[in-house]
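To start, the structure under review is shown below, and the notes come after it.
We call the chains A, B and C, going by the order they appear; numbering starts again at 1 in every chain.
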Amino acid sequence: MDELSRILGSVVANATPLVIASIGETITERVGVINLSLDGSITLAAMLSFVVAYSTGSAAAGLLAGMLAGMLIALLIVVASIELRQDQVAVGFVLTMLAADLAQFLGQNYTRRPGPTFPTVPVPLLAEVPFLGNFLFNHNILIYFSFLLLFATWYVMYRTRWGLALRAVGERPATAFARGTNVNRTRYLYAALGGALVGLAGASYSLAIKAGWANPPVMRGDGWIALAIVIFGGWHPVRVAFGAYLFAGLRILASTIQQTTDFPLVLVNAVPWVLMILTLLMVSSGAVDWLMRFTPRRLRWVVRLLALFGVRGQEETAASRTPGRLRRVLRNFLRSDPPGALGSTFSRE
Amino acid sequence: MSVEVRNIHKRFGPVHANNAISLHFEDGRIYGILGENGAGKSTLMKILSGFYLADSGQILVDGRAVSVASPEGAIRAGIGMLQQDPLDVGPFTVLENFIYGQPGAVRPDWDGARAQFVDLAGRLGFTISPNTLIEDLSIAQRQQLEIIRLLAFGVRLLILDEPTTGISAEQKTILFEALKRLAREDGLTVLFVSHKLEDVLELCDEVAVLRLGRLVGQAHLPVTTNALVAMMFGQELAPASRSDVVLGDSMLEVRELSLTSERVTIQGCNLSVRAGEVIGLAGLDGSGQELLTRAIVGLRRPAAGQVCVGGQDLTGKHYREYLAARVCFGAAGRLEEGLVSGLTLTEHFALVDPEQGAWIDWERARRIASEQIAHYNIYGRPESPIETLSGGNQQRVLMALMAAAPRLLVLEHPTRGLDVESSRWIWEQILARRAEGTAVVFTSADLDEIVTYSDRILVFYAGQISEVPDARRTTVDELGHLIGGQRLTKESVA
Amino acid sequence: MTRESIPARRLIGIGVAVGSIAVALLLTALLIVAVNASPRDVFDKIWEGVGLAGGRLDMPRFSGVINFWIPLMLVCTGLLVTFTAGLWNIGVEGQMVMGAIFATWVAQEVSLPSVLLVPLEMAAAALGGALWGLLAGVLKTRGGVHEIFGGVALNNLANIFGIYLISGPWGNQGGQATPPFREEALLLPASSEFRVSLVALVMVGVAFVVVVMALRGTHWGLELKALGKSARSALLLGVPTQRNALLAMAICGLLAGIAGSIRVLFTYGNLRPLVSGGIGFLGVLVVLLTGTRALWAPIVAFFFAAIMVGSTRLNIALQLDQSLAGVVQGILVLVFILANGISARLRARRQAPAAEAASIPPKEAAHG
């Protein structure tokens, strides 16, 4: 029991950067902007956070530097898209490459040194609770922040006027404009916020979860995984976070198996990428129906269960039969269509 | 509240969309704003409601000049507009959509808003549940929601842009009742923008007619239809003559066809179309017409049943095999489905020319493009990118790209968004092909178009199909009732 | 529409390019100062690394640039096909690695005289790359997985597979690389001075010319263009869209696979981890920079190859990380994209009043 609690605790810790980054990207994409640069942004933010923290002796200063870097990169994409009408994906891809190289170049004199980190801060009383203590309440402050972030994002998005404006801008900008929302300003605002969170995710590697800076960087590739998790999570913050935890859990499971059997380590490294392809296949339209067709009737409930997170087609009609409030909640939670105006620009006439 | 526009001018590039328009609206009255497509009525209304900025001119509310720089500003001045495609957000619930845009604290008063919504809806005789998702509503319900929403803002001048397009006869009655009550009881001013004379005659107190950007006439109702027509068109239009064509062999055979989408299901549809026949598909948007048009050109795989073209069973075959069987398809969205934005006219013609080999003969492609441009009266050059052409010209290009002498021609909304002249021209082309033995199937939201050109009419209602008994003698009114689901017997179509 | 003359527009294009290069160099210089090095030294060393220092051509070093350029150019050629078809084939990196793995397999398992063995290795590499590209294509067309994500995952899987082979079944040397290939399995340099494989050089030339001509002159090229601009409309106009998308991915993979084989058969002489050396991603940057102006690709690719090869000197001479090359290239492409946007915006602003005076009959323009 205690062992399980500790393992779950480490899943939560390891998932934290993914949770923060993918929620940041969810916010960004929900206003209609694709920040493809995550893999580079996270790396650059991790490096800058470490270097600033190392030079100033303050982990908090490092954190701010990382967030600033993430924010600036996101803003660059929005400026290129809104003001200069350039393709978000193209600019994002270039920034992915550039930021990663920049991190390696600027961080070359700071590799493999000990630096300031965020210490573990057990929550008084709660940390003593059996099972839940080690699972949820014996972590560093960034991990607690990720819990708060998850709840706050969901609350703002679905329960406040800000959230209505945020979702409307990404879904149908013409409507948002007609209702008095400044579409471009909203995009700047939330893309910057999302970018800052991506930067925070980078900082949470180098200042807490995988402390320090190394070459090649340990977090390379995770940005792409965070991007895939956003799709997997259907652009809903709670599902997205669930995806991040699931991913981190499976990763830890794979490496545990590797330690106890003679399963080759290199193949364990393949797990995240195989998972990425499989999950994206799952959420894409048609995949569920296709699987159903080739599954024996008795086993179809398994597919349905798996499909809970990628519902389209058949499941959708099942959901539409459920009446009233439950149906609305289900539909809103289970929809996996991208925001209607994702990647496009808005002009008044 | 009285509203006045004074000497409004608006240009879009070379087009003078509003030319010195002055109008005055009193409270408690319903005004019809009439005019053909492109007459400038939508532009004027968008200026009044803050979506466009006028190049010059004034808007006065109760005699005082106001600045209407955005839709939000217009609403503050008491002017609200219901767009033809209501501006809402698909994944929102009705209640979320109702609240969004209203001023108030960051955390809205959900219960208060719900009560206000239910109250307003009840007063107007509208039935919408606040928990429904917008994307599950019909157009009519979305319009109702917009009206409720604008009224909650305290709007005193309500503009409706072509609200009767795509709604049923019952829904139209409900809408008109509500509008009359708002004008008589609450003293609202209503501007009703339409190109449908009968609707204007039924609802309005006064009418203003626009033609080619100018105000050409005003009248107190009732007046005769002919007087309005004369104002709208400058002269009376002769109806297109319908010539009789000798029907030939069966070109399309649909047997026991079943189709399903997330919204509608069609079951056991039977249809036979012979060479030279024109079949009109009528119905509200999303009643299943599109399922059928897409199924008979191979873009949608049927759940069951058979599709044969010219005696050849093409069920479940790819779209390209339908093309090879000389089935031509013109989709509703021209630049999304049919024309490639970024390609020139020459490139389009080279792409579909069956005589072109592996290496493109650009000389030949340019020559064909020039010929077709001349033949189809297209305003554009061979090297013009297709997206620089106007909608009417794009539709002409689409017709020109279709294979000569098709067996079956399937068109969705062939004249949507076109002016009268272009529409007539497009139909001349369609009828010319029909005379050469092409079977034609088309959909339209314009009942006049359906009644005028169809030899047989199929009416779609929530996936059920019934045939109008005597298509050549049916009227727009009768069709309107059928479309709304009245007198529907579930008869299979012969 | 536009009333600018063609020379004027060309002049603006050149201005944008030159301005971008200047800005990119300036930014890079600032970054170099940021790590306490002298931009002057760095540019000197890069110049030296390319083999152009001191006013005479250092042939062996210059050959290094050509040897980097050859696989890069093959990749760019392939990417021209996928870009025309509107596909973001980021998986090109993995397609190179698969090509290298397939070539290595033949080199290790088959004994034949060199004349037969080398073509067989390259054919195998082409097959491996094409299959890997096709896999990304099928994931997209059949599975709905966007090619960017499918590509990234397949890149990593290919690299992991390569590392697995090196550390396990094919390895010695402590898992660092496979044993060196036999002499007859290798591509040979033209001379001891000009250390470039002529076979590879000829292949690049042929591939580039064939692809550019096919894209410009054939019906298939036009189909790809239509597909790239609007897949839905292309389908409705009768273009076999899925087949063409898959074909484009396979062709790009094929060329990338050959590029990968050149890395193992010539550059290294064995299979190493991360054998692609980032050439695939670099190719994407080149094609982003040139767009559809295919004839610029060889020049830009050469420029990038020179920066890449030149910067390897930095590590030895100045203890600077060679990632500087990537930084320069990234900044250049970014600045260029932004500069294009700025110039288009300025031009639009200047032409807005002119457009009103354009002589289109109002009747026609009112259609729709």
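Keep in mind that, in the parts below, contacts are C-beta pairs under 8 Å (C-beta built on N, C-alpha and C of every residue); 3 or more make two chains touch, one makes a residue touch a chain.
Just so it is clear, the structure is predicted and the values come from calculations on it, not from any experiment.
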Review point. Relative to chain C, which chain has the most distant C-alpha mean position?
Key: B
Practice item. Point out which chain occupies the most central position, where each centre is the mean of Cα atoms. Key: A
Check your understanding: If you average the CA atoms of chain A and of chain C, how far apart do the two points sit, in angstrom?
Key -> 30
Check your understanding: Taking each chain's centre as the mean of its CA atoms, how far is chain B from chain C in angstrom?
Key -> 47
**Study point:** Centre distance in Å when chain A and chain B are each reduced to the mean of their C-alpha atoms
**Key:** 42
**Study point:** Residues of chain A defined as touching chain C within the complex
**Key:** 36, 80, 83-86, 89-91, 93-95, 97-98, 100-102, 104-106, 108-109, 215, 221, 224, 227-228, 231, 264, 266-267, 269-270, 272-274, 276-277, 280-281, 284-287
Practice item. Over in the complex, which chain B residues touch chain C? Could you list them? Key: 11, 13-16, 37-38, 212, 319-320, 323, 329, 331, 335-343, 347-348, 350-352, 356-360, 379, 388, 390-394, 401, 417-419, 422
Point to revise | Of all residues in chain C, those that touch chain B in their complex | key: 1, 217-220, 222-223, 225-226, 229-230, 232-240, 355-356, 358-362, 364-368
Check your understanding: Inside the complex, what are the residues of chain A that reach chain B?
Key -> 159-162, 164-165, 167-168, 171-172, 174-175, 177-181, 313, 316-317, 320, 324-325, 328, 331-332, 335, 337, 340, 349
Check your understanding: Taking the complex as given, what residues does chain C use to touch chain A?
Key -> 31, 34-35, 88, 90, 139, 143-146, 148-150, 152-154, 156-157, 160-161, 163-164, 167-168, 281, 284-285, 288, 320-321, 323-327, 329-331, 333-334, 337-338, 340-342, 344-345
